[in-house]
Structures are given as C-alpha cells and as structure tokens.
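Right after this note come the structures.
You will see two complexes here that share subunit A, one where it goes with subunit B and one where it goes with subunit C.
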Partner chain A sequence: MLLEVSNLDISYGEHPIVHDVSLKLDSGKVIAIVGESGSGKTTVIRAILGCLPNEGHVTNGKIVFDGKNLLENTAEEWRKVSGKDITMVFQASGSMLDPIQKIGKQFVEYIRQHVDVTEEDAYQQAIAMLKRMNLPNPETIMDSFPFELSGGMNQRVGVAMGMFFSPRILLADEPTSALDVTTQAQVVEEMMGICRDDGTAIIIVTHNLGVAAYMADEIIVMRNGHIVERGTSDEIVNNPKEDYTKELLDAVPQIGGLAHDIYEAG
Partner chain B sequence: MKFFKDEKMMFRFFSGVILFIVFVAVFGPFLCSADPYASNMTESMLPPSAQHWFGTDKLGRDCFTRIIYGARVSLSMTLVTVLLMSCIGTLIGIIAGYCGGKVDTFLMRITDMMMAFPGIVLAIAIAGVLGGSVVNTVLALAVVGWTKYARLGRSLTLKLVQSEFIQAAVTNGTKPFALLHRHIVPNIMQMVIVTGAMDIGSMIMEIAGLSFLGFGAQPPTAEWGLMLNEGRQVMQMAPWAMIFPGLAILFVVSSFNLWGDSLRDLMDPSRSH
Partner chain C sequence: MTSTKLGKDYVLNIQHVVKKFPVGEGKVLTACNDVSLKLYRGESLAIVGESGCGKSTLAKCIMRLHDVTSGSIFYGDQDITQLKGEDLRQMRKHIQMVFQDPNTAFDPKMKIKDIICEPLYNFDMIKPSEAEEKAKEMLRLVELPEDIVDRYPANMSGGQRQRIGIARALVLNPEVLVCDEATSALDVSVQKKIVDLLLSIQKKTNLSIIFICHDLALVYQMCNRAAVMYLGNVVEVLPAGKLKEAKHPYTQALLRSVFPLREKGTHTVQTLEGEIPSPVNLPTGCPFQDRCCECMDHGCRETMAPLKKQGIQHYAACHLLDDEVQETAQS
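And then the complex of A and B:
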C-alpha cells in the first residue's frame, strides 16, 4: 500500500471541516475526489502534503505513506518528501509561480532544491520535461514571466514541474477547472500519459465528474466534509446509489460531457 | 503642464537633478581650486563677488567651495544611514513576519519600544553619549530609524507568506533560506526601495540638524548643518554664510523628496493606469 489515510478529521480553528475520511492508494492508481465547493475535498489533499492553510490542523487519524505516518514528520522531513515523492499541481499554476521571476529560473531552482545538479543540467532537464508535456518552444517558455503565458501554458508548466521527479503520488487540485474544454482534455491526456509511463499514483480533486470518470479508478464523492459515496468509476457513473451523486451527475454540462455519454450509455 | 503629469518624464527629470547633485558631490572638489579649510583672516566675511560666489565666512573660507565639499559629507552620511537602517530594519521585519509566534512578538515589542521614543531626541541622546562625530551621528540615526522598515518588512512578509505562490513554493519543498532570499526579499524590495528613497530627504535634514546642534560633524568639517551654526554667529554681518548652506539643504532635500515621490508614482502598481 503506497498511501493509506485512515479516519482523518480536520478542523480550521475550532471548526471541524473534514470528518472521518479514509482512502487507500496503490502505485499507478488514480483516485478522484469529487464534490461541490466547500465539501472539504481540497482540505484532504492539502493535509496529505502537510500544507493546510493557517488555522487548519488534523485532529484525528493517520496518513501513512510508505509505512510512515506523515503526521509525525519534522519540518525537514516534510520538505524532503514534498515536491519530490509527493507533489501537487494547483488549480491556477500561474498564480503559484513567483510573478517577478522567469519560469526557467524557478524551474531550475525547484530542481536544485531537491537534487545536486548544475544549473546547466537542471535547465536541460527542465526543457526536456516541457517537451514531454508537448509544450512548443520550451526555450521561449523558460525565458518568460508567468504573466506572459496563457492559463493553459502556465497550467502545463505547473504539471511539468509537478511531474518532474516522477513522484510516487501526484496530488492534483482542480488541475483543469481554470482551462477551456480543449485545453482541459490535452492537460488531462498529458497527465495521464506521463503517470502511466512513470507509475505515479494520482489523487485528483475536481468538481467535474467527466474528468473524474475519465481518469480515475476509484471515485470518492464528498459533501460537507463527509464521504457520501465511493466506488469504481463505473459504479459511480452508471449506478449511483446516493441522491447527491445523481445530482452531481445531472449537473455535468451536457454538450460533449464525457460523463453524460457514459451515463446515457449505461 | 502635460510634462508634470507624465510620471516617467517626472522621474527622468528628477533623476537628472539627483545625478547632477551626486556628480557635484563626487567630482566637485576636483573642479574648484580653493581649499575649503584654508582660512584667510584678511578676506573674512566678504560678500558674494566674482571671486567668492557665495562670499566668505568669518574665518575667510570660501563658502561656495565649502558647500561643494559639504555635499560629499552630507550625501555619504545620508546614504550610509538609509542603507544601514533599511537593511537592518527590513531584515528584522522579515524574520518577525516569517517566523511569527514568539520571535515575532519579541522583535515587534522591541520595535514598539524604540518607536515610543521621539526619534530626534533619542538620536541627540545617543550622539551625545557617544560623542559628536560623523560615524556616531550615522549610528544614532540608524538606531532610531530602523523601526519603520521593520514594520514595513513585517507587514509585507506577512502578506506575502499568505500568497499562493509562496505556499506553492513551500509545498514544492523549497528550503526556508531559499524561500527567503529568492522569493520574499525580491518581492518586497520594491516597497523598501521606494520608502528608502523617500527617506533620503528627511535624513539629510536630520543629519544637518544634529550637526547644527553640535552632535554631528565637528569643526572644521565642511558640513551644511555645521556651516549654518557657524554662520548663525555672524548672521547680521555676513548673512550669506547662513543663506547659502540653507539654500543648499533646501535644494537637495526637495530634490530628493520629489525624486522619491516620482519613484513611488512610477513603481506603485496600484496607482498605474
């Protein structure tokens, strides 16, 4: 078992947000957590990476990665795990990059934070990774500021950085929701492709059941901090048991919606 | 009047003025032949003339030459003071904002304590205890002035640490030191530089003030505040010995203030349009 989260409770200050969440993840598998805004889905994956905002803290439960409870980590142990073994791709990678530094400098810096390579080597490897993400003119991208790139480009740069070290687990927080439909499909394809090649496990948080159904082996539906329903993609999409899941499925946009097609077909 | 509305033009114009002042301070002494320290009692208190543009003081020293030499003293003291207090203050502020908790409380209570003293009075006290000299004046003003930068650095750091890209850098496993000097320092530098630029003018005033009171530069140094004080003793007989150093201070301080304002207008993103 690569990652096992058991009975996780999380509070912001005195206010409990997430109740009794458990999940198990094997190498190479994909879990999707779906739910509306405020359902606590992002909070769960942030807890896995130990980066809960300000007041957030885990009040109960365990997060065991590779046989070790991450919650007992020291700051330095966290630092070594995060960004290398476990990485995160954010909703808007553009705002996750330092606005006053060029992409290249940040990418190279990120690599050199974790491995001891020369700047030149790091630069070449970064270029290679951007090429793998099918980004045109990687040299130009490396020489750009984040605000000079489109949302889709920034997002792919974010995914490229997240995938760079072939992490054991990739945590993706709404990685496609800021993108238009065409770019969404491309980014999802590229993420899936690279993960398949490298054997990376993914936890993707999304409110798009189409993306979830397409990518995930298992889907977890969350509402108000509780797990409402869980099952294989097939079960959830074709045979939802809870009313809330059905509502979510109905809420998927109809035009070209992947989940809709699957839903209809089943 | 369009000229004064164009922020870039304003900045260029005042930068030109500042460059001129710096040029005079650096190269002026090579350009004027007179010795600012050579007293000549036969030429004591001469009014402005072709030979002595700004007249002579009671010891017969050429006021123009002394003002040129004084630019060096005033500017170098000011720049060292501003650099010293902005670096120390910002560093303390960043540490407080970044570490938070007890470190923050400790550093900020010290800052509050320092701020409770009236600045110039404390500077006089420090300079008085240490003895009047150029170095002690700089130290005294830096000890009083760093608190503003500590507050600024702290609030900017607090805001920045909350921002998404810093959070992302943390989740990417960036080492704390790299986080500080690669992301936090460069991102708050702009505001610190603007504040520093706007402080230069008031620092020139305070240094001249301390020297005027006798806690700063000591005779016979050619320093504007000190020249004012020496001129004061002969004000009725040789007003030029006071007027011209005063005008020099007025000119330089307003130039730096206007330059600082135009720099702020240029760099403040919330005011751009």
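And then the complex of A and C:
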C-alpha cells in the first residue's frame, strides 16, 4: 500500500471541517474526490501534503505513506518528501508561480532544491520535461514571465513541474477547472499519459464529474466534511446508491441528454 | 417539450461588428471580426468558444461598455452603437447584464434591497418607501426568502448572490438579458438551479437571453441556438439541440474535447493540438487553419469562408462545406 489515510479528522481553529476520512491508494491508481465547494475535499489533500492553512490542523487519524506516518514528520522530513515524492498541482498554477521571476528560473530553482545538479543540467532537464508534455516552444516558455502565458499554458507548466520528479503521488486540486474544454482535454491526457509511464498514483479533487469518471479508478463523494459514498467510477456513475450522489449526477449537463426545442422557421 | 417558433421577430440585430484594440507599437488586436448575429424574441442564444475568442468583448459591445470599431447593433430600429448621453442611458433599461463572478459584482456595503432597487432609483422609477416591497417581489421571483432584504451580500452563498444578480438585472423588466459566464463560478448543483430559474423566468416574461458560456453540454441543454466563435469570428451558428450535427471542424473538435459522464469507452476524447493563436495580427484566410486537421488546399490560407447555410437555422463558415440548401434550390 502506497498511501493509507485512516480516520482523518481536521479542524480549522475550533471548527471541525473534515470527519473520519479514510482512503487507500496503490501505485498507478487514480482516486477522484468530488463534491461541492465547502465539502472539505481540498482540505483532505492539503493535509496529505502537510500544507494546511495556518488555522488548520489534524485532530485525529493517520496518514501513512510508505510505512511512515507523515503526521509525525519534522519540518526537514517534510521538505524532502513534498515536491519530490508527493507533489501537487494547484487550481491556478499562474498564481502559484512567482510573478516577477521567469518560468525558467523558477523551474531550475525547484529542481536544484531537490537534486544536486548544475544550473545548465537542470535547465536542459526542464526543457526536456516541457517537450514531453507536448508544449510548443519550450525555450520561449522558459524565458517568459507567468503573466505572459495563457492560463492553460501556466497550468501545463504547473503540471510539468508537478510531474518532473516522477512523484509517487500526484495531488491535483481542481487542475482543470479554470480551463477551456480543449485545454482541459490536453492537460488531462498529459497527466494520464505520464502517470501510465511512471506508475504515479493520483488523487484528483474536482467538481467535474466527467473528468472524474474518465480518470479515476475510485470515486469518493464528499459532503460537509463526510464521505457520502465511494466506489469504482463505474459504480458511482452508473449505479449510485445515495440520494446526494444521484442529485449531483443529475445536475451535470450532458450532450445528448434531454429533448430539445424544435425550430420551425427558416 | 416546448416548441419555439422563430420568425422575423428579433430584438437585436448585430451587423458586421468589428472591435479592435490598439496594443501599442502600431499593433492591433482584433477581438471581434465582422460578427453578424440576430437575437430572436424569447430565445436563449449561446455564444461559445475558448477564452480569447471575443465572446465577452461582443457582450460588452452589446452593453455599450465598449464602443464598436465599425458595424451596428440594432435594437428595434435604433442603432445602439450611435446612441449618446440621455438616449444611451434610457436604452440601458432594455438590455441588462448578469456578471460572471457574483462575489465581486456588488457593493459589499449596500443592503440587498438597495442593490436590487438601485436600477429603479437610477431611472426615478421608485420611491424609497416602496423599495422594500419591490425588493421582496424580486426575491420571490428568484426564489430567495424575503427576509434577506436587510442583509448584506457578504453573508450569502455564491448561488444566492448570483440570484440577486439576476434579480437586479431583471428589476427594470429588460427585453434582453446578457449572461456573461453567469454560472461558471458555481457548483454543478447550484448551476442547475440557476439555469432552471432563468428558463422559468424566460417562459413567464418572454425574455431574450444571450448566454455566454464555454460549457457545451450546458448550452446543449438550456439554449435554443448556439453561435460558436473562434478568434473573433463566428464560425458556426446552429440549433443548440443539434450540436452533435455540427459541421465546422472547430465545433467538432470542441465536442470531442468534452468528457462525457456515462459513455466512457464509447467516446474517445481527442485533444485539439496547439493553442488559440494571438489575435494580434490575424492570419489571412481561415482563422482556424493552423489547428485544423482538415485544412487543405481549398483556399483555407487565402480567404475566410463566409457563413454557408447547412440546414434550418444552421450556418457554418468552412471552405470544405458547400452551401447545400441553396444549391438544391437552384438545381
């Protein structure tokens, strides 16, 4: 078992936010956590990376990665794990990147934080990674500031950075929510492709049930900090048990769904 | 099933609208390039496309938040692009807008009743003593509890705020409602409720809605017609329920990018290569030429194809397509 989260409770200050969440993840598998805003889905994956906001803290439970409880990590141990073995792709990578430094400088700095290579080597490896993600003109991208790139391009740079060390676990927080359908398809395909090649496990948090159904082996539905239902993506989508899951699925607009207005005039 | 008959009765007639922005160094960004569209009475017309395709710019031209570079937009027999001063102000009563982000669309220090009634105050159509009653009436229309009139937008959820945005836009009883990504920031379940609300109001009041959106599935389910924009050009207009029969390669590519919920395996998601090109210094010829898998020697690189009739209410601008209906009419 790569990652085992058991009976996790998380509070912000005095307020309990997440209640009794457990999940198990094997290499190469994808779990999607779906739910509305405020359901606690982002809080769960932030806890796994040890980056809860100031007020947040885990009050109960364990997060065991590779046989070690991450909650007992020292700051130094966290620094080694996060960004290398466990990485995260954020919702808006454009605002995760430093606005006053070029992409290249940030990418090289990130690589050299974790491995001992020369700047030139790191630069070449970063270029190779961008090429692997099918990004056009990687040299131009490395020489750009984040604001010079489109949202989709920034997001793909964020994914490229998250995938760079072939992490054991990739945590993705709404990685495609801010993107157009075409760019969304590109980013999803790139994430899936690299995970197939490297055996990376993914936990994706999303409210796009179509993306969740496409990517995930298991879907976890959350509401108000509780797990409402879990199952294989096929079970959840085609045979949901809980009313809330059915409601959520019914709300997703689909092409080819309901009958439509008829036009008679020419 | 509702059946909408579309006749000659249109509320807005957008003709050859061009909007260019100077971007310095003598360069020009073309956001809308010769857009012609009609909005029929009581219909919901979707404008879809990727970010940067000019759909919001077009909405802002309709709202007169931007001045067009050339072209005209007729509301009745009035060209609203030429209106000035008091005439322009009076026209605004008829065309109202709901914004994308309900969290930033209101003055946080105004009470709900003042937010909803402000348009009426602006046109001297209400006395302060009547405001509370009017606000309650509008809240009933958008299915919110009446007792929130004295509250502030900060203590409401995103869905509730978007309903207030709709109430504010409808308080003047406009004929046209422009929704710029009005549901994109909301959860799917909330989105469904807002869309249902808009459609039920439309049924009651025969409102015409321009619905700017990038979610094709939502457009399929709620709109009557869809106009697909690419790089400032309208490349296809078709009945939204017939999206699957789209002819233009770009619309087809958009459809292939959607992740379906239940048809896993039967539908392969294909990605469209590359990025939308820069709208600065548009290429000559078809705007989609560099990403189109069917782009060939049909004049794609030389000229922009005109919109050709493909069926009832269905037009597409592609060199690969013939003007089917007219040809059969001639032969």
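Simple rule for what comes next: the second predicted complex is superposed on the first by the 254 of 266 C-alpha atoms of A that agree within 3 Å, B and C clash if a C-alpha of one lies under 4 Å from a C-alpha of the other, contacts with A are read in each partner's own complex, and residues count from 1 in each chain.
As a working rule, a contact is a pair of C-beta atoms (placed from the backbone, for glycine too) under 8 Å apart; a residue touches a chain by one contact, two chains touch by 3 or more.
Every value quoted in this text rests on a predicted model; they were computed, and no experiment measured them.
Once the two complexes are overlaid on the shared chain, A:154 sits clear of subunit B and of subunit C alike. In the overlay built on the shared chain, the residue A:245 is in contact with neither subunit B nor subunit C. In the superposition on chain A, contact of A:180 is made with subunit C only, not with subunit B.
Once chain A of one complex is fitted onto chain A of the other, the partner contacts of A:211 are limited to subunit C, with no touch recorded for subunit B. After overlaying the two complexes on the shared chain, residue contacts for A:11 are found with neither subunit B nor subunit C. Of the two partner chains placed around the shared chain by superposition, subunit B is the only one that A:79 touches, whereas subunit C remains out of contact.
Subunit A is touched at more residues by one of its partners, and among subunit B and subunit C that partner is C. Contacts of A:37 after superposition on the shared chain: subunit C is touched, whereas subunit B is not.
No residue of subunit A touches both subunit B in one complex and subunit C in the other.
Partner subunit A is touched in their complex by these residues of subunit C: 1-7, 50-52, 158, 187-192, 214-218, 220-222, 224, 239-241, 243-244, 253-262, 264, 269-272, 274-276, 312-313. Across the complex, subunit A meets subunit B through its residues 49, 51, 53-54, 78-84, 87-88, 90, 92, 95-101, 109-110, 113-114, 161.
On the side of subunit B, the complex with subunit A involves touching residues 162, 164-165, 167-175, 178, 182-183, 186-187. Subunit A contributes residues 36-37, 136, 150-153, 180-186, 188-189, 207-211, 213-214, 233-234, 237-238, 247-266 to its touches with subunit C in the complex.
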